[in-house]
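Read through the structure below, which is laid out as structure tokens, and then see the notes.
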Amino acid sequence: MSQFDNQTLENLKRLCRMSCTPEEDQDILHSLSRVLDYVEQLKEIDTTGIASCDYVLQSMLKNLMREDEVKPTLPREEFLHNAPDQIGGMIRVPPVMKAP
Amino acid sequence: MKTLPHELWEPVIGLEIHVQLNTKSKLFSSAANRFGDEPNTNISVVCTGQPGALPILNKEAVRKAVQFGLSIGSKISLVSKFDRKSYFYPDCPRNFQITQFERPIVVGGTVTAFVEGTPKIFHVNRAHLEDDAGMLKHFTTFAGVDFNRAGAPLIEIVSEPCIHSAKEASAYAAAVRAIMLYLDASDGNMEEGSLRMDVNISVRPQGSTELRPRIEIKNMNSFSFLEAAIESETKRQIALYSKEPHRPPEEIIIPGTYRWDPEKKETTLMRRKESADDYRYFPEPDLVPVVLNQNYIDEIRSSLPELPQDRYNRYLEQLELTPYSASLLINDKPLCDYFEETLKIYPNARQLCNWITVEFTGRLKERGQTLLSIGILPAHVAKLLAMIDSQLITGRIAKQVADDMVASPGLDPEIIVKKNPDYLPVTDTSEIEPIVDEVLAANPQSILDYKAGREKAFAFLVGQVMKLTRGKASPAIVNELILKKIKSTNP
Amino acid sequence: MTHTPLHHFSAAQLRDSFVKGEFTAVSIAEYFLKRIEQHNQQLGAFLSILGPRMLLKAEALDRKRAHNKPLGRLAGVPVAIKDNMHIAEEITSCGSKFLNNYRAPFEATAVRLLEEEDALITGKTNLDEFAMGSSNEHSAYFNAHNPWDLSCTPGGSSGGSAAAVAARLSLIATGSDTGGSIRQPAGFCGVVGYKPTYGRVSRYGLVAFGSSLDQIGPFATRVEDIALAMESIGRHCPFDSTSLDFPPESYHLQANLKNIKIGIPRHFLENLKPEAKIHFEDNLQILRSLGASTIDIDLDILKYSIAVYYILATAEASTNLARFDGIRYGMRAKDAKTLDEIYELSRKEGFGREVKKRIMLGTYVLSAGYQDAFYKKAQKVRTLIIEAFDKAFAICDAVAMPVAPSSAFPLKSISDPLEMYLQDIFTIPANLAGLPAISVPSGFDSRQMPLGLQLIGPQMCDVPLVQYAHAFEQATQFTRKIPPLFDGLNS
């Protein structure tokens, strides 16, 4: 029985950078608890020795690589057309602490 | 636990080196992999994280990764795969990086590095491919994001925690960089960010094998900063342990990410390790596994160029250079190639090595230049040394000619000498003889020493004459005169 | 001039008539644009109607025909595109506020292929936000309605496409299917809906939801038209690493099922409601009358499909939707002052509730401490599901199941998320195993609402599967029925 409580919700919101209204919080808490209870049923299945399905078409996958060639791709104006805020050809964001 | 003196502690260091591969296009898109262009002009829908865009792996990046792995004797994974690493940051176009977490392409391996001239073996844990983030440019009231670098192919090389000093760390990093240059897999340009180092560092009492809590210093792009940061952090950690010798290490050193502040000359905390660092790695569903066969690997192995270690061995065995001199050349590939080029014309390796690594390099460093950047031709260096060998000029004069070559790069040393009659040695015996007499008269003991078999005494006498003639006397004539006069004196 | 209204034509028939010169492309375009204009208000099928663009393309197509140039497979056929696939330079909203002004910088491969075959694109269709839903009620814009009963859902997430085709506002539409989002709406709206083998159709230009599950596929009023669409879009794409590297296929359609074995997972289906069970048995009788035999197969493991799906799909989605962060495109919250506020508020305001739930769920099942129990466990059960199908296909050619537990439910009638998720119990398995699956109209229930029969084939057996569906369709002709509300002639 997964302990999906308010603290868990707060941690999740932080991890996926999302805010919610208090009403949404309640709804999400309730819905996710229900779904997590439901998916507990997977515990019933014995998966010892079973490989993880990392690729659904395992047997048919071949290397798909490309040649190292430069091709014309995204023009800057096209990219910046959708930008919420730009300056000097760059996307503008609020000042950020220098990355570690 | 008693407080240990500083010298009885040792740092335990692991380096993660991120090297940008010099492929033409990016790791997962066909945008140009180039530094220095106008912001957001080398971008694609993939590396700007547009919805609906999908990554396609660059085969040349795979090739260079395999080349690197083979160069350090690692195991190349026949099947490797990519994973998503989630974190939010404005320079990250998808807010996840595509990296190789679970199954990297290169496993294990060793790097031989010259620690202050002595070769030492360091162990690599793994190396893998991943895509680089864009660049955040900081201004006072805002920051600008440039995605030119986003998606550039990186190979991340992770060492074992087998490095135990600042010098070892920079030697190891320099060796890794040298391999990349010899493979032509990267330009290794640290100012442009082609090679960046993260340091994981803890300390422990010498002789112990424990691994205490460590901190991470991120994004170092200079060897001198690397050394300084390690020295400083080592001191800091030792001081903390010494202050509270009875407290458990986990309470003294709290894991966190630090930056090296070159102005304050100290490591500053950026953030503690917390749940926000949960990267939630899972297999990248948009990419298929990288499946390599033995033929492919063998073909790459057989076409590897001469590697730093091979060249070092050749220098010791065939050219008879000292380990120290060889090590000076090996890590600086452009200089080393210059040496090789000049060696074709002037085959005295030891002499050439000395002049290139000591005489010229010393002069050029002051100007912030190298033999290549200043434009002094290998043929001219060869000519200078030939002139010394033929005794056309003395060693001392040659140094002056070198000064002139540095001041006027591209000028032929033969012309320099022609224009400066002062440079030619004095060959007039009548000018030199009195000075020889003077020196012999002043140093009777040396004459006796020489007659007793000590060659060094002769060299001393020659040196004294050269000193008095301010290096202008012809060494051949000085030798001849001293020998003649000694022979003619009483035994 | 024929008396049959254009919207009664199948795509193949319209194409042939156009090629013969019986209609101009412009007149076809005007006809369907007028229908859309008349009906979209009540149907809510289209989010955007691309009238001027369609007319320009139609004019060009008429010129092409006038110059006797070869015409594509879909020449003159009106096709609608689900609004989570890119048409270059047009808005792709994904049914979300987040992208209400996002202009697609590139074209989806599937869209390009359709236009290369001279299809005429009518507009972008309505969907559950980011394809997350089974009723189209999660569109941030407005509901789509079932053409057979406007108070009912058309299904989801490709509700708009299904409704558009059922109401004959376009003759073909594209959808995307991650857990049934093409097949279930097709069943609810009485049209044919096809999800190809994973990798058969390129995902380049499809806004990703569950990368290892998503496939683009066609809706049509005839299986024959599905085949036409598949011949156009079922091709290898060098911009999608998961795209199958096999040649495109021709779909020759036979009208019988001689020697075909249909597998029935009886035990898995035992909880079907009585009416649905009877209907399903009737369907099986028809299959037998066409020469097929039925055989019992064990797919009990499929009862875990929903649990597996809601772990894996949300995990992938949580990372696929991380790029919607207010930084590079899409909505940026106006009140946001810091970087964190940009992320948090943009995502708060831009995403609807269902999307938020799934992102959180996906983040949770990948997070440290839970990944083994949820994500990794689900990945293993997925393997078991694939193996169960492999075993089944060893003894049968296709698996038959209803496409949904019931016919279309009234809008707003299901508010419990889990109850909504359980709607997908029959469709999810094909996505988990990468199998081709088709929903073909199979009749009407006691409420006079359409029902669908689902056939699932082994990986890569797209052509045979579509053939089986064609045989069933020819014997039943349910696809001939047009929803009465939308069958009036254009005035």
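As written, the chains take the letters A, B and C, and residue 1 is the first residue of each chain.
Here is the rule we go by: a residue touches a chain if its C-beta (ideal position, glycine included) is under 8 Å from a C-beta of that chain, and two chains touch if they have at least 3 such contacts.
Every value quoted in this text rests on a predicted model; they were computed, and no experiment measured them.
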- Item | Central chain of the complex, centres being mean CA coordinates | A
- Query: By CA centroid distance, what chain is farthest from subunit C?
  - Reply: B
- Task: Indicate the whole-number Å distance between the mean C-alpha point of subunit B and the mean C-alpha point of subunit C.
- Result: 58
- Centroid distance [mean C-alpha coordinates] between subunit B and subunit A, Å: 40
- Distance from subunit C to subunit A - Cα centre to Cα centre, in angstrom: 23
- So which stretches of subunit C touch two or more other chains? 102, 105-106, 212, 238, 241-242, 322, 325, 327-329, 339, 343, 363, 367
- Note on the structure: subunit A touches at least 2 other chains through residues 15, 17, 52, 54-55, 62, 64, 66, 74, 79, 91, 93-94, 96
- Task: Would you give the residues of subunit B that are in contact with at least 2 other chains, written as numbers and ranges?
- Result: 45, 48, 50, 56-57, 88, 90, 145, 275, 278, 280, 285, 288
- Item | Partner subunit A, residues of subunit B touching it in the complex | 23-25, 29-33, 38-41, 43-45, 48, 50, 56-62, 81, 88-91, 136-147, 216, 218-219, 257-259, 270-271, 275-276, 278, 280, 283, 285, 288-291
- Query: Of all residues in subunit A, which touch subunit B in the complex?
  - Reply: 11, 14-15, 17, 52, 54-55, 61-71, 73-74, 76, 79-80, 87-100
- Would you tell me which residues of subunit A are touching subunit C in their complex? 2, 4, 8-9, 12-13, 15-21, 24, 27-28, 31-32, 34-36, 38-39, 41-43, 45, 47, 50-57, 60, 62, 64, 66, 74, 78-79, 81-85, 91, 93-94, 96
- Message: Could you list, by residue number, the parts of subunit C that touch subunit A in their complex?
- Response: 101-103, 105-106, 197-199, 212-213, 238, 241-245, 301, 304, 306-308, 310-311, 318, 322, 325-332, 336-340, 342-345, 347-348, 351, 353, 356-357, 359-361, 363-364, 367, 370, 373-374, 376-384, 386, 416-418, 421, 432-434, 459-460
- Note on the structure: Interface with subunit C, subunit B side, in the complex: residues 45, 48-57, 84, 86, 88, 90, 93-96, 145, 275, 278, 280, 282, 285-288
